[in-house]
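We call the chains A, B, C and D, going by the order they appear; numbering starts again at 1 in every chain.
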Amino acid sequence: MLALLIPGLLFTPLALAVLCLLVNFRIGRLFSWVGIIVQVLVALGLWATVADQGGLYYDLGGWAAPLGIELRVDGLAVTFVLLTAVVASAAALHAGAYLDPRKGYQSYFWPLLWFLWAGLNGVWLAGDLFNLYVGLELISLAAVGLVALGGEAPALRAALRYLYAALLGSLGYLLAVALVYGSYGTLSLSGIAELAADHPPAPLILVLAALGLALKTALFPLHFWLPAAHGIAKSPVSALLSALVVKASFYIMARLWLEMGEQAGSIWLAQGLGALGAAGVVVGSWQAFRQSRLKMVVAYSSVAQIGYLFLLFPLSWGVATTTAELAQQGITLHLISHALAKAAMFLAAGNLILAVGNPQVSALAGVSRFLPFSLFSFGLAAVSLMGLPPSGGFVAKWLLLQASLAAGQWWWIGVLLLGSLLSALYVFRIFRASFLETGSDDPFYHPPRSLEVIPMALAVMAIGLGFVANLPLTVMALPVGGGVP
Amino acid sequence: MTPVQLYVLAGVLLCGLGFAGFLLTSHLLRKLMAFNIMGSGTFLLLVGLAQPNNTPDPVPQALVLTGIVVALAATALALVLMRRWYHLSGRTDLQGGPGD
Amino acid sequence: MKLLLVLIAAVVLTVVLGQTAWQILAQPTPVDLRELVAEAMPDSGVAHPITAVLLNFRSYDTLLEIGVLVVAGMAGLSMRAVAPLEAPAMRTSDTLLQALLRWFVPFLLVLSAYLLWAGSDRSGGAFQAGAVLGATGVLLRLGGVPLDFLRPGLMLRLGLVLGFAVFLLVAVMGAIRGDMFLAYPQEWAGLLIVVIEAALTLSIAMVLVGLFAVAPAQATERDWPSREGKR
Amino acid sequence: MSFASALPLLTLMTSLVAALVIFMLPEQRQGLRTLLNLTAAVVKLGLVAIMVAGVFRGEDYSISYTLLPGVEFILRADALSVMFAGLSAVLWLFTTIYAVGYLEGAPNRSRFFGFFSLCVASTMGIALAGNLFTFLLFYEMLTLSTYPLVVHRGTRKAVRAGNSYLAYTLTGGVVLLLGVAWLHTLFGDLPFAATGHFQQVDPALHGTLALIFLILITGLAVKSAIFPLHGWLPTAMVAPAPVSALLHAVAVVKAGAFGIVRVVYDIYGIEFAYALGVLEPLGWLAAFTILYGSVRALSQTDLKRRLAFSTVSQVSYIVLGVTLFGPIGTIGGLVHLLHQGVMKITLFFCAGNYAETLGVHRIDELDGAGRRMPLTSIAFTLGAFGMMGAPPLAGFVTKWMLGSGALASGMLWVIPVLVASTLLNAAYFLPILYRLWFATPKGWSQERRWGRLETHSWLLWPPLLTAALTVLLGILASAPFSPLSWAELVAAREYLP
């Protein structure tokens, strides 16, 4: 079964990218619908198989690592593959109705989307450091292409700023890879993890990788490129970028940290990254509060939410194994629930802007009365984002609180609690604007139901994750067990 | 000094040079050149560090070839975007211009 | 102030990087891929180790790398639905250049073909050949030869993805046969690699010339006619 | 899952499902919405009645679900939970009837009734929560689902009130979260248990436990409006009358008070909390809040704001009762949880009636309203006398029990507080009653008429019924299944044998 699932997972997005490039927007949309069904089924199948039988290494081309490239198909990877399938499908379905097919350049949306999707799958599964680099670049360039699509000046500026940041970040990572290859003579992550105990890696490796990848993940104060890029792109694109793309670089960093953090890490690096993350939570939330445009609020909120991810480093370094596990679980759940909630939020924000015809927060007055459905999706997503129960965001916050308390690092507790309140500050600013009554006439355009249902579905998933969190937590802990299928 | 040490030294210097250039210049084209210089330094390091006893290792060389193509693709994309930005805004950097 | 900070950062990077690199150089690596490559060479289908690594052992990297190239080409194309091929500033009517072109182009084409062929047992290969082919295209364009296939139509896009598509098909054939993704049948490996390389050469050249051609000269509102209307 | 163990879940679901369906209903389907609301309320009342009978027989309804390793989601009906659940179920029915009449012809009713049901679901969840984690879940859900009701009118004033409401309650929620998480780290999952968990705890942890107690109580004190965290309550009175009635007289403030009861009795255990020395300071604070709320109520000219400050004062009676070490004080506090709800909701219903029928919001405009609206005014009068603690009404029972409890536990300073509070109550209620019955009417500018009756019939019946309940609860205090006998049942289980 796996012998077909894994090639299917890699092949479908790439094949669709090729097909969609050759046709116009409408036919591309048709192809993509088929592709979405295939991808979701394959991702589900893979997830179920790994949940059932445990993970494995897949040797691409039949060449085993370290000579060849292996894919690490473990519980965490397939969980993210499934997450990607869900979020990307939602964004793609939304885009199919949201984007204007009369604009010629929109036909490039589909091939770029499928390359992005392929890159994401590649990164989740990669077991090879250099392969991660190529996957990361595939993601970055596709994402930049998506931001720049349409080629208007503000989008170009955002895209260029994003591209330059991404390039510098990738080089930082590549330098780290060069040092690793020089030290070990291999690029296989599993091989390095085995060797790391006897041959401690140079501390600079982790520092370089951390800096480069933090730039790509938009860790404060390296977040300067994110709000413009995520705020200016079309809503489905923003959803993809905030939900998945920034997570890819974080994922690589987390994998590196968990493989060689023990030897190459230090308390300074761990606490420093955590402190920057904490600063990101505070500054990002405050900036979000100060924005006048709806999508910029959501974009800055990503800066804040990304900050939490970096608590992984202090909470998993030099602490008891159970504490580190709690932290990993909390961070993974936070990543997943933020992906779902933020995608829902961007799509809902897109609908609201479409309905109101104005990107300003202050234009939302009356929305609660006439567009309750879109606002409700936004609200549900916001509940998870604020970490209020019952939601995936709450469970994640709970686990992180437990980890901080167990690690005795009480200073992160303040960040977690304050972060909730700060996020409420910018979220409720939007509700405040939309609850104002304007009069009994409905001045709004009503988006089609198909557009409104998608963010609602994502938001419901973000909430629902709070009830079934145990399941993904069990699966994502599954290590690689078997060999070739 | 062996040739490999020379590679590594040159790589390190190019990296530092490119890094400083990338951050100090605001002209988009110069920034891009700086990125390419830093990239070349990284590739030199990748090849140099892998062969301490002067016997060539095909793997890093293949990696570098791949890396060059990737860097080339990124450079080309940056150039296209940059030229369009220049024609729309009349600027060679990202400060100011429409929509800032 | 910024200058000072950046300089300090750059110097620190250089020094620390240099120091680390020096230490790494001094120690042998626990794994040596050279032996593994040498052992696997007979099964690779080609004689040159770098080509074997690129198109067989680590072919997944190369597949994605071509993907990156296609993405860049595509994103470039999306910037411009219709390129003004007749932009006067782009053309030159220098007779000397035209005369030289007549000599250069056949030579470059032959050189490109040689590089492609050479890749199997010595330095060379798809990328080098593609680069030369791309350069030929650029030269032709500078010389004012109207390369009509560069109009952002189906032909250009087809050429853009041809190499990638061929590579992808070969990759998935392995899986369909019940083997791994990207695995070649032993006896066909050499031939398949040549086919992939040939297609890649074409596509790489196409991306390069395409990007050169479509980098927008002057963008105005009328650059965006709807494609549907055009057909 | 048997029917018995599913009962708590079903009780919760009745209002949750009602909420979801109502959200989906188009605005104009008023008949269906009302039918749905009332059916759900009646069904819920029936389910709670079954549980009350069962718990009395000594049955224990509980259902649990593992949310995370080591974290359980527990719904459980014990004597204390059905007490609160019963109160909410009864008053939900009355308030639904009232709200249907109140909002006739107003916009955004789908939203209103949807969130209203969601609030009731959260309150039920708080009542039936079987451990602190589950309690926290519903406590936060209550905050969120109340917000749209507070800002319901969509005026700038309402939106500002919403801000203040959130600022207080979200902060409170976060503080509570810290306390719950800390306890969980130290002791794992702690289900509510009759005599608490910390009898045999290592004395070295006593300091930490006292600190956690402080954190938990601070988090809970926001909703129960204990000084100095009461500021949101008077501001939130811009909400429509049914919201003020059910949520700010019953659900929200009682959720906080109920949480304090749970923490003191079922997590720490009253005996341990007493030994830890944390009860007495809490008692002082409650006493201060009682006096402070009453004094502030005196100077309010807006009727609903006066009632709100009265709530601030009255809810602290519950807390005061909890801190009186001894079964009689416990009974006084618990019984006040119910009695105060019934009395205060009557007053809010009446205030809403005056506003809707006569356009009256300020106390000095009430002159002669008793002659224009005699039935409403009788209900108001009963509620007000109940609040003052006049025999034989419900309020008298609680004050008597609290006084006896204070004597029994030797906390004599409580008696003067009770006396002073009663005098203050009289001082802010009697002038209203005087105006209602004895002042000459000056006429009302925005008067509306509904047929024969003095006001819309759906607005009239609920206050009359709750006023009647105020009388009955006082007269039949010692009957079986009365709040007083039920509180005795609970108290008997909370103290170590």
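Note that in this section a contact is a pair of C-beta atoms (placed from the backbone, for glycine too) under 8 Å apart; a residue touches a chain by one contact, two chains touch by 3 or more.
Computed from a predicted model, the values in this text were never measured in an experiment.
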**Message:** Comparing chain centres built from Cα atoms against the global Cα centre, which chain wins on proximity?
**Reply:** A
**Asked** What whole-number Å value describes the gap between the mean CA coordinates of chain A and chain D?
**Response** 43
**Item:** Averaged-CA centre spacing for the pair chain B and chain A, given as whole angstrom
**Value:** 27
**Complete:** Here the gap between chain B and chain C, centre to centre from mean Cα coordinates and rounded to Å, is 17
**Complete:** Chain centres from averaged Cα atoms put chain B and chain D apart, in whole Å, by 67
**Request:** Any chance you could list the residues of chain B touching two or more other chains?
**Result:** 15, 45, 49-50, 63, 66, 70, 73-74, 77, 81, 84, 88
**Request:** For chain C, jot down the residues that touch at least 2 other chains.
**Result:** 17, 21, 24-25, 29, 33, 37, 57-58, 61, 65, 68, 71-72, 75, 79-80, 216, 219
**Complete:** Note: chain A residues in touch with at least two other chains are 130, 134, 137, 141, 144-145, 148, 151, 175, 179, 182, 185
**Request:** Write out all the pairs of touching chains, ordered by chain label.
**Result:** A-B, A-C, A-D, B-C
**Asked** What residues of chain D sit close enough to touch chain A in their complex?
**Response** 23, 66-69, 71, 107-108, 110-111, 136-137, 140-141, 143-144, 147-148, 151, 153-156, 158-159, 162-163, 166, 170-171, 173-175, 177-178, 181-182, 184-185
**Prompt:** Across the complex, what residues on chain B touch chain C?
**Reply:** 4-5, 8-9, 11-13, 15-17, 19-20, 23-24, 45, 48-50, 52, 55, 57-59, 61-63, 65-66, 68-70, 72-74, 76-77, 79-81, 83-84, 87-88
**Item:** Partner chain B, residues of chain C touching it in the complex
**Value:** 2-3, 6-7, 9-11, 13-14, 17-18, 21-22, 24-26, 28-29, 33-34, 37, 49-50, 52-54, 57-58, 61-62, 65-66, 68-69, 71-73, 75-76, 79-80, 125, 127, 204, 207-208, 211, 214-219
**Item:** Interface residues, chain A side, partner chain D - complex
**Value:** 368-369, 372, 376, 383, 388-390, 394-395, 397-399, 401-402, 405-406, 413, 417, 420-421, 424, 428, 431-432, 435-437, 440, 466-467, 469-470, 473
**Request:** Under the touch definition given earlier, write down the residues of chain B that touch chain A in their complex.
**Result:** 15, 22, 28, 31, 35, 38-39, 42, 45-46, 49-50, 60, 63, 66-67, 70, 73-74, 77-78, 81-82, 84-85, 88-89, 94, 97-100
